[in-house]
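Structures given as structure tokens follow.
Here chain A shows up in two complexes: once beside chain B, once beside chain C.
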Partner chain A sequence: MSRSYYESNARARIAGLLDANSFHEWLPAEARVTSPHLATLEQPAAFDDGVVIGQGSIAGKNIFIAAQEGGFMGGAVGEVHGAKIVGVLERAVRDHPAAVLLLLETGGVRLQEANAGLIAVSEVMRAILSARAAGVPVVVVIGGQYGCFGGMGIAARCASAIIMSEEGRLGLSGPEVIETARGVEEYDARDRALVWRTVGGKHRYLIGECDAIVPDSMEAFQQAIMTCIENGDDWSLEALKQEHQLLNERVKRFGTCKDGRDIWRELGWADPISIAMMDNDEFVKAAQGHRTKNN
Partner chain B sequence: MPSPAEKIWDRERQRRNRKLERASSALGASLRDKVVNADLAVRLLEAVIAPGDRVCLEGNNQKQADFLAQALTRVDPARVNKLHMLQSVLALPEHLDLYELGIAEQVDFSFSGPQAARLARMVGKGQIRIGAIHTYLELFSRYFVDLTPHVALVAAQSADAQGNLYTGPNTEDTPAIVEATAFKNGIVIAQVNELVDKVPRVDIPGDWVNFVIPSPRPHFIEPLFTRDPAQISEIQVLMAMMAIKGIYAEYGVQRLNHGIGFDTAAIELLLPTYAASLVLKGKICSHWALNPHPAMIPAIEAGFVKSIHCFGSELGMENYIAARPDVFFTGPDGTMRSNRAFSQAAGHYACDLFIGSTLQIDMAGNSSTATLDRISGFGGASNMGADAAGRRHASPAWLRAGEQRRTQQPGIPRGRKLVVQMVETFREHMQPAFVAELDAWKLAEFANMPIPPVMIYGDDVTHILTEEGIANLLLCANAEEREQAIRGVAGYTEMGLGRDLRMVENLRDRGVIRRAEDFGINKRDATRDLLAARSIKDLVRASGGLYQPPVRFRNW
Partner chain C sequence: MTIENLKYRFDGGKPTQGVTTIVGVLGSGNLEVMVEPAALGGACEIEVSTAAQGFGKTWQAVMKDFFARHRVGDIRISVNDAGATPAIVSLRLDQAIETYKGKGK
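Right after this comes the complex of A and B.
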């Protein structure tokens, strides 16, 4: 029976992705490093502050890992939570593991922690770039129930590679936030089909924001992670220029599109409606030549 | 004394004929064969409905004669009043508007669903008189005894000009209503979604139907039986494992009915995985009286299911059903025919097990979904969840349950239906499922009911299944043991905490109470990974794209 990544919690994901018994946790729950801000507000705390960090291996390769727990405050980033992720990345700069794996599931900053949370997210972004500069690839995995939104959506795009499942969602402002700020006419957050057409895994793959899309199983994610590590990280100026070029073209090409489907049609999909029901393999095959990046 | 020759024996028929004459003069040349224009619907109703008539307005569990319901609210109350309404389900606001408008005054019904709160308010204000709240089979039966409709207002998919009706898969209550009305001097009016030259199949013969009205919009159908597997909890998976291993396998249950809910959906989704791993395929769950639950798709595809007869249909399942005629009851045209009356009878007499959920269970095992501010009536559970004491034909499951009962209550050999209540000890908002007294008592007092509205009587219940285990009430010797058996699975509710620990341990030793570990179930195995489908999309895939879920259930 294949284990679902989407259905698992942070610890089950780590157990499912890393080599058996290879995981060593840093600041585990028994260390009880909890949020001081939540305590002030008399809010319930989590003994790991909603993120599990540590070291382990995949196919024998030394890996540092951080996994956000969507079940605790939607994976929101507080001061301690953010510091734990930063710590993993800074240690990677020192110790040079084969890669850092970030299993992101978050709505962004933990509002209760306000500025401390915002600063934490910006430190995560800087730390991701430091690790990459030190030659350690940072691979982001998004396939949980809460998606990856807010500042952590930006952090994700700072990484060397993003792996998603079609159930995964990646964005800056979440659907409810857009609806609240701009009105239901602009974006109906309850229209689940629209949400997935604009922030879902398949759409992110087609517009080149995620590098690999996989079916929702631990094995598939594991495989994709190994491929990403083997491919390494292109940190050259040339690659950066190319990325900027793509982003510029994207605005020109899709700037007037109202819906994911308009973009897919523009990308040359004859029957964009059929995309939703395609199996992952079939979709990846059909997407060749119909996404903004080459495979 | 008049001689037989002088006595009049066809007063009712004469009355009907006078109504039909009134209708034909009211409609004049606009009446084409049996077809009446939608804008003349009110005029037709005023012509054929007399004050005090019993009117059956087809409001089913799913399909609604909504256009005719609206038309009935627009008749002149000076001409049409004091009506006695007969309805399976009070679902639409119009169903209750009739009483505020002075058109109707009494109702006999089964289920009130979305109108339950308003109904309670209207009863409190004396605006509506309730004849009785029936189970479906009782209400249908009384259509043929002393509550025969004078006028029936029904809904169908299509009709021809001669009045032949095609109901489509949502046949539901229509045959029972029309048969009772048409053969006892009543008048049948059907709203149809379309008028056709030839109906795909004749569900109701044209000579049983007096008038056909093409409705300006298709009748409303509620997708009541779709449960998104994404919302099934791991507690529900654990309970489903216990149901399969502790009851289905234990008794060899082959013929059954499931209530609707996430608890039973979990069982359905565990058949091709967990039940298959226990080598139970072919040994349990082969024949069903059941609506076409989308959650059944994986079990059907895995070959678990031999047949399913349906009370009604389910939106989105039409193409899948049509493609599986070995399993579903389909017509020569390829589409399903459902029938609530027959499926209820089948569930009552032909099934060995009913399993369903409820809101409250008392210490005698009585259960109810009634709360003080809502008069919701009964769904299918009260017929399905009753031991048909008149049953004769034997089956292994039925015999074994009967045998277990006789260990405590000696008597002549006979069987017993398995009636299982499956509840988490705490419901939503931490409301305890186990209570000292059902809210139904207070409701009965408030609404002046002769008896409290109990959904399933304690003496019909054989098993109570919670996350804490299964209480087998068949093996209880007396009321005291029964109470302790129930308390023994009632978890941390007040009732559960009030258990007699020694007695409960003793009941467990005797196998009256069994816990997950007693069945060899490791609670850590109860994960959502066991579900054969974890999302609506999985169900669509399992159906090979044949299942087309309504928009609200899709994220694509």
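Right after this comes the complex of A and C.
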């Protein structure tokens, strides 16, 4: 039976992706390293502060992993939560695992923790870059209910590779935030089709912001993770220049587009509306030559 | 929002072996339950931290039922609750104990 990544919580995702019984948790729940800020505010605090970290293996390869729990405060990053992720990445700099896997599901900064949360997110970004600089690929997986938003959306894009499912969402300001700030005429957060063609997995794949899109099963994610690790991490000056050129072209090419569908049309899709209905294999095949990056 | 902390202790349970377990998520209408082995002379101690105030009697009843169902001893149960209903709490406790025992085999 193939298990859904989307439906699983953080611990079930780790169990589903790593080799059986290979996971060793760092700062487990019983260590009770909880948020001091939530205690001050007299709010309930999760035993693991909403993120599970540790070490395990995939196909025998040594993997460091952090999995955010979207069910606890929308996966928001507090001081302890952020420090745990940073710890995984800094340990990777020292120990050189085959990869660091970040299973992100988050609305971004935990607003209750204000500046401590903001600093935590920026430290995560810096730590991702440190791990990559040390030669350890950092692979981000986004396929949960809450998506990956706010500062953690930026952090995700600092990684070596991003793997998404169609259900996954990646962005900076989340749909509700945009609607609140700019009005419902600008963006209707309850229009799910609009939300998905703005921040959903398929759109991110087409505009080259995620490197692989997979069906919602543990096996599919696992396979894509292996491929990303095998592909390694190229952030030579040449690769960065190329990325900048792509971004420049993107602004020129899509700058006047009003909707994801306009972008897809510009990418050469004759019938952009059909994209939403395609299953994953069909979509990936059809996307060849119709995304900003080559496959 | 303030937190209410509740403590329960049930004596005369059967010492139950297992490995520290956590189930559930501290999300709205849900709860997380951690079960740890503890040398308590056969007792089962339960600590609840809940966002919903004033439900001490309901918790007492749910925990009493739980202990009557399982009669487990030498374990410590810690609960973080975000307003779960009694039925959800009972199911999570059952899940936690089953997982705790299963892992210990």
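Criterion: the second predicted complex is superposed on the first by the 295 of 295 C-alpha atoms of A that agree within 3 Å, B and C clash if a C-alpha of one lies under 4 Å from a C-alpha of the other, contacts with A are read in each partner's own complex, and residues count from 1 in each chain.
Note that in this section contacts are C-beta pairs under 8 Å (C-beta built on N, C-alpha and C of every residue); 3 or more make two chains touch, one makes a residue touch a chain.
The model shown is predicted, which means the values in this text are computed figures rather than measured ones.
**Student:** Considering only the touch criterion stated at the top, classify A:Glu7 as touching first (chain B), second (chain C), both, or neither.
**Tutor:** Only chain B; A:Glu7 stays clear of chain C.
**Student:** Contacts for A:Met277 in the overlay, against chain B (first) and chain C (second): which applies, first, second, both or neither?
**Tutor:** first
**Student:** Quick check for you: in the superposed arrangement, does A:Trp269 touch first (chain B), second (chain C), both or neither?
**Tutor:** Touch partners of A:Trp269: none, neither chain B nor chain C.
**Student:** May I ask you to decide whether A:Phe221 touches chain B, chain C, both, or neither, giving the answer as first, second, both or neither?
**Tutor:** neither
**Student:** Kindly classify A:Glu69 by the partners it touches after superposition: chain B alone (first), chain C alone (second), both, or neither?
**Tutor:** second
**Student:** If we overlay the two complexes on their shared chain A, which of chain B and chain C does A:Val195 touch? Say first, second, both or neither.
**Tutor:** A:Val195 contacts chain B only, not chain C.
**Student:** Quick one: classify A:Tyr187 as touching chain B (first), chain C (second), both or neither.
**Tutor:** A:Tyr187: touches no partner chain.
**Student:** What does chain A use to touch chain B in their complex?
**Tutor:** Within the complex, chain A contacts chain B at residues 1-4, 6-7, 192-193, 195-197, 200, 276-277, 279.
**Student:** How about chain C: which of its residues touch chain A in the complex?
**Tutor:** That would be residues 1-3, 20, 22, 25-27, 30, 32, 34, 36, 49-51, 78, 80-82 of chain C.
**Student:** What part of chain A is in contact with chain C in the complex they form?
**Tutor:** 9, 11, 28-30, 41-48, 50, 69, 71-72
**Student:** Which residues of chain B touch chain A in the complex?
**Tutor:** Contact set of chain B toward chain A: 273, 527-530, 534, 537, 540-541, 545, 551, 554-556.
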